[in-house]
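Look at the two complexes coming up: chain A is in both, with chain B in one and chain C in the other.
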Partner chain A sequence: MTPKTNPGPHSCDLAIIGAGPAGMAAAATAAQVGLKTVILDEGDRPGGQIYRDVEQTTAQRKQVLGSDYTAGGALAAALRASDAVYLPRSTVWNISSKRLIDYSLDGTSFQLQASAIIVATGAVERPFPIPGWTKPGVTTVGALQILFKSSGIVEEDAILAGSGPLLWLVASQMVAAGSPPVAVVETTPPRRLQAALPHILGALRGHHYLRKGLSLIRAVRRAKVPVFKDATNLEVIGDQDATGLQFISKGQRRTVSARHVALHQGVVPNPQITRLLGCDHYWDSKQHCFRPVTSACGLTSVEHVYVAGDGAGIMGAISADLQGRLAAQDIATSMGKSPPERSDRLAAKLTKDAAIRPFLEALYAPAPDVMSPADAVTVCRCEDITAGAIRDAVDLGAPGPNQVKSYLRSGMGPCQGRVCGLVVATIIAQRRSVSMDETGYFRIRPPLKPLTLQELARFQPTQELDP
Partner chain B sequence: MAKRIDGVSETVSFSFEGQTLETAKGDSVAAALAVTGHRHLRNSVVSAEPRGIYCMMGTCFDCLVEVNGVPNVQACRTTVQDGMVICRQSYGESGQ
Partner chain C sequence: MTAHSKISADLIVIGGGIHGCSAAMFAAQRGMDVVLIEKDTIGRHASGVNAGGVRRLGRDFAELPISQHSMELWYTLADLVEDDCGFQIAPQIKLAETPQEMATLTERVAQLRTLGFEHEVVLDRAEVRRLLPAVSDHIVGGIGSLRDGFAQPYQTTFAIARRAQHFGARFFENETVQRVEKNAQTSEQIWEVSTDQATYAAPNVLNCAGAWAGRLAESLGETVPIEAVAPMMMVTSRLPPFCDAVVGAAGRPLSFKQMPNGTVVIGGGRLGYADPSKNLSEMIFPELRLTAQTAMEIFPIMRNATIVRSWSGIEGRMPDKIPVIGPSAKHAGLFHAFGFSLHGFQMGLGVGDIMAELIANGSTQWQLGAFAIDRFAQRPTF
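Up next, the complex of A and B:
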């Protein structure tokens, strides 16, 4: 194979990483005011996970996924119509402190020098390590939805287990697709509604979210899907592949058979790039995740590096769009361009859209046992490291995730801690009785995703340019 | 099993573990294997325990398969091409 020519420019005013709602909106806004803009995304088509394959969806899928999904089509169309250079199938694997980006496209690596960067890499699912969660037939709930969005495929014999709005959304979509889940097993602890009630005024300001949530739950109930509440002690059963789920619900031991078990505990920011760039992060005790420290416009603690969308903290797709525009406008202003919208109006819309969040965060905070699995449970799926091994490493003197990684290789496999990171940090913090901020997180190093040696050998990096 | 809710206008054929299968054009390898009922895609390099798709968004690297002789290909991020030869990725009990 001969090295291909660079598919994009060598330099740009603004590089955006990720083509979900935040990235698409930022790209269209930046290009509109005349910034030389490049948007890199791993997917084949724009949309991210929330609007995955929205450009080529079918009438049947639209009917199931609803207008909140199809609304993403306008963002994708605006990106396509803009002058932004859109690079699909492009995986960013390193960014230097001077914002020189290394990315891989179809097996060849290229470079892009950016004056400013918006990290719009969204969220990943919070890990939910239970006995048997590595068995074939166990996926995230998000995975089921992606199968549906991109291929119209629905599992006919699936249990949905865990907590959070997405659990009910996917359950209701399966009902609408004619294959209701075998059961919904909810781990939301009792009395959570009471805990969330003090936030009801905010929730009423975001009443369309409340109404939608209630309608999802009603649709699942109407379809007579068995719902098991207050579930604890979940365990996937099956000799090799999953054959069902065992759990305790309201004091009673239950076993439900199914060919597929989908797990969910909400979503958390994907921290890889903001961590790689050394942005400051803090532990958000309401969202139960680390978030990058940002200004109102998404500027991180690192000069010229912004974050927009769920990567800055979980706010959902509408806020992601607004944040993308705010960040792009801030960058445009700093480069002497006049922004197309009033930033204070965007910020006001953002405040309004976020009004539901404190209510949802209180209602769906992960149950305490979710992040502290039993000793025998595998936590790091890549390297098959158990919670017990991590606790032993802490007892031997490992004070944080990076030392545990050196001891055990947890977080050193191909996923680089994307799946297990938060649980590893939580286990360490609990074992040492210290805060999450003091415990910290894995140091993220390049390459952000595995590369072949052949690709690295062929890679011809340019000299770093002084910005 | 998994089913499709909409019609398939164009199909491609591929093989998994020597078995010839068909799927809709445009499907990822992971989707094609899910809809044809294949869940065990590899064995863990450490414990040799079976693994399958997990996140479907390129994050977890659990769906690694061998495609046309190339190992460690993410099934969820690879589109099935006509005639693709896909194999389960197994390293045996020793973990190598």
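Up next, the complex of A and C:
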């Protein structure tokens, strides 16, 4: 069905982009205090990636995915019960500096003028370019988990390779679903636990996370899933499609056969909207990613633009919920409404929930070679640009990601650098021996997601605003 | 660089777009000691992000001699800069959608013949279809310049900059010019150019600062009605090859080119929002909608295309749509080349060569009267 008339209002006090934990919490909070609130999300139902399809899931899937997943149901219910206008299947493809939002719904584009915006677009998986990662059959661990949540499908004959809490969570969920992975290949370098130990006090304050993490690893071990530690030199093998993974573990060359190889190196903030809007970012050397500069309530360097949840830095779903509420309250206060909760209490909860992070960040920091692949490895998949080509461009004098992009087209394809951006920036910074902050990142151009020429040709937003 | 160091040269070029880089290259090749100062990085604005058309077709008659000279330089550019710049010879075609438009185009080609220019030819209905099999049925004909072409704009500007440095030019990027003034202490005419990081001194200054050139000219007493504009462009995902030419339209803004990798770059001059003071430009999609419509109407195959990215670059436009090229009307040793009004890329090589000649020799055989900076000055009225 093609809607001919605007599915939402033409203007609002607050537009929230993304209906994950941060977005859902922000929308319910803002609507509760009387802000005219619109929440736009690409999915069919609220939940984001972490709580994807939480409203729809079956009892059996709930059992596999666990109580941390089903907890998202309350947030979705609160959003449904609120007065916030919820626009599913709505892809935001541009936002102007005046906070005029262009979005696409069922093949037609509309505009929404927002007084304030909360960007709640969460995280993306950190790229993990290894030889052969572009072969059919190679996916990401996050993508495997989306399959369980949305379709109840557990990929059989899959190797999970990389590092990070999600690797173990998905491995344990596959075990619980009765299709354990062929192997877990962990790239976490040796002696990381010792490096993380100074943060153990904080970790003990978040002991439920620690307990959960250990129970996931135990569940995978109990199921007799082969676990290869200290893996380096990973390479997907196979003439056409992937047929397995080759690597060195504890000094020994290993080959494990499987039709699917799921890679993972943790998650990083999805930078597309905060970069499009020109928000200031900084390099977080603990999280190994760029983060938008924000106030305690999530206000970015661009006025009236907030970011909440993993898009502000990787803190997880509980923190995302708290950050969503804090941002909504800050906006409500600035618009003369009294917030329903004390912000200092929310901030205290946030501090408590964050206690585990230094431990996790030290334990699961990507191994040094993850972000600097060998010359022959393809980095930009859209345009088929190798790490070596990027290094050559730097040697010629291209000083940063945008010049390398102009010169080689890396980051110019349909994904606009969502997949390769961090690796391109890291390669340049290392080659030039300059900091990540000095190196910077791709300028992000609209449309944020591909848009058909036909849809643009029909794009005639009504100029009149709601009374 | 230490603060307040002073660097001397024969020529200071302000602006690292294609015109500045090209002038620096040709001047350095002639043996001049050249400094180039760029407030951002090489090719950051219009020169690095334009549609890449290397076009003589449809130019203002005043520009044609320089454009022809430039074209000869494009044909040998790969040897000169040791980089192919993505340059390919290809037809540039301007389409007529109505008989009236066709009559106007035909008349233009006839006029060009009387002036001695043979590069533009009339293309009838059948000839247009032979060159552009995917073109819409309603196209009645057009004109073409069959040995024009296209190039990769950033690759080109970057290659010229590298070649200029190979010839000895010194480039200073991320330095903003704050002041240009005559040094009162020397008997010779010496310009001092101060940036936020250093001071440069030379007898000659060339203003190639694009959309920012007006401010510089004004600070030296030469006010020009230059306007900063942001032409919008978009690129599609890859399509099967269907078009080898660069295509425009007589009656509507359009620039259309399928690149060798299958993506289609669509521009044509519809304008976004430009804020040169912040180095920013922004897309206005309800306006770009018209470009999408034009592209689909002229090439129906585009109905299936998907836009993956759009962008705009900040460019300087003059009221009469032709640039300022030549010596200052007020100061010896000051020269200008800016305001190329959305079609400067092709001229970059020729203008750079001519400016280098003019500055090195003090004169040039090229007629620059039409491009004089004082052509907008208020004439006395009564």
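Note that in this section the second predicted complex is superposed on the first by the 457 of 467 C-alpha atoms of A that agree within 3 Å, B and C clash if a C-alpha of one lies under 4 Å from a C-alpha of the other, contacts with A are read in each partner's own complex, and residues count from 1 in each chain.
One rule holds for everything that comes next: a contact is a pair of C-beta atoms (placed from the backbone, for glycine too) under 8 Å apart; a residue touches a chain by one contact, two chains touch by 3 or more.
Source: prediction; values computed, not measured.
Of the two partner chains placed by the overlay, only chain C lies in contact with A:Leu396; chain B stays clear of it.
Contacts of A:Pro450 after superposition on the shared chain: both chain B and chain C are touched. Counting residues of chain A touched by each partner, chain B versus chain C, the larger count belongs to B. When both complexes are overlaid on chain A, the residue A:Val138 reaches chain B alone and has no touch with chain C. Contacts of A:Asn94 after superposition on the shared chain: chain C is touched, whereas chain B is not. Contacts of A:Ser406 after superposition on the shared chain: chain C is touched, whereas chain B is not. In the superposition on chain A, A:Glu156 makes contact with chain B only, while chain C stays out of contact range.
When the shared chain is aligned, chain B comes close enough to touch A:Arg418, but chain C does not. Shared interface residues of chain A, touching chain B in one complex and chain C in the other, are 383, 413-414, 450. The touching residues of chain C, counted against chain A in their complex, run 41-43, 48-49, 154-155, 158, 161-162, 173, 235-237, 261, 280, 282-283, 285-286, 288-289, 292-293, 295-296, 302-311. Contact residues on chain A toward chain C in their complex (touch as defined above): 94, 96-97, 102, 109, 278, 383, 396-400, 403, 406-407, 409, 412-414, 416, 445-447, 450-454, 456-461. Chain A makes touch with chain B in their complex at residues 42, 44, 49, 56, 58-61, 64, 124-125, 134-140, 142-143, 146-148, 150-157, 177-179, 240-241, 259, 270, 381-384, 413-415, 418-419, 449-450. Within the complex formed with chain A, the residues of chain B that make contact are 1-6, 24, 26-28, 30-31, 34-35, 39-41, 44, 46-47, 49-62, 64, 72, 76-77, 79.
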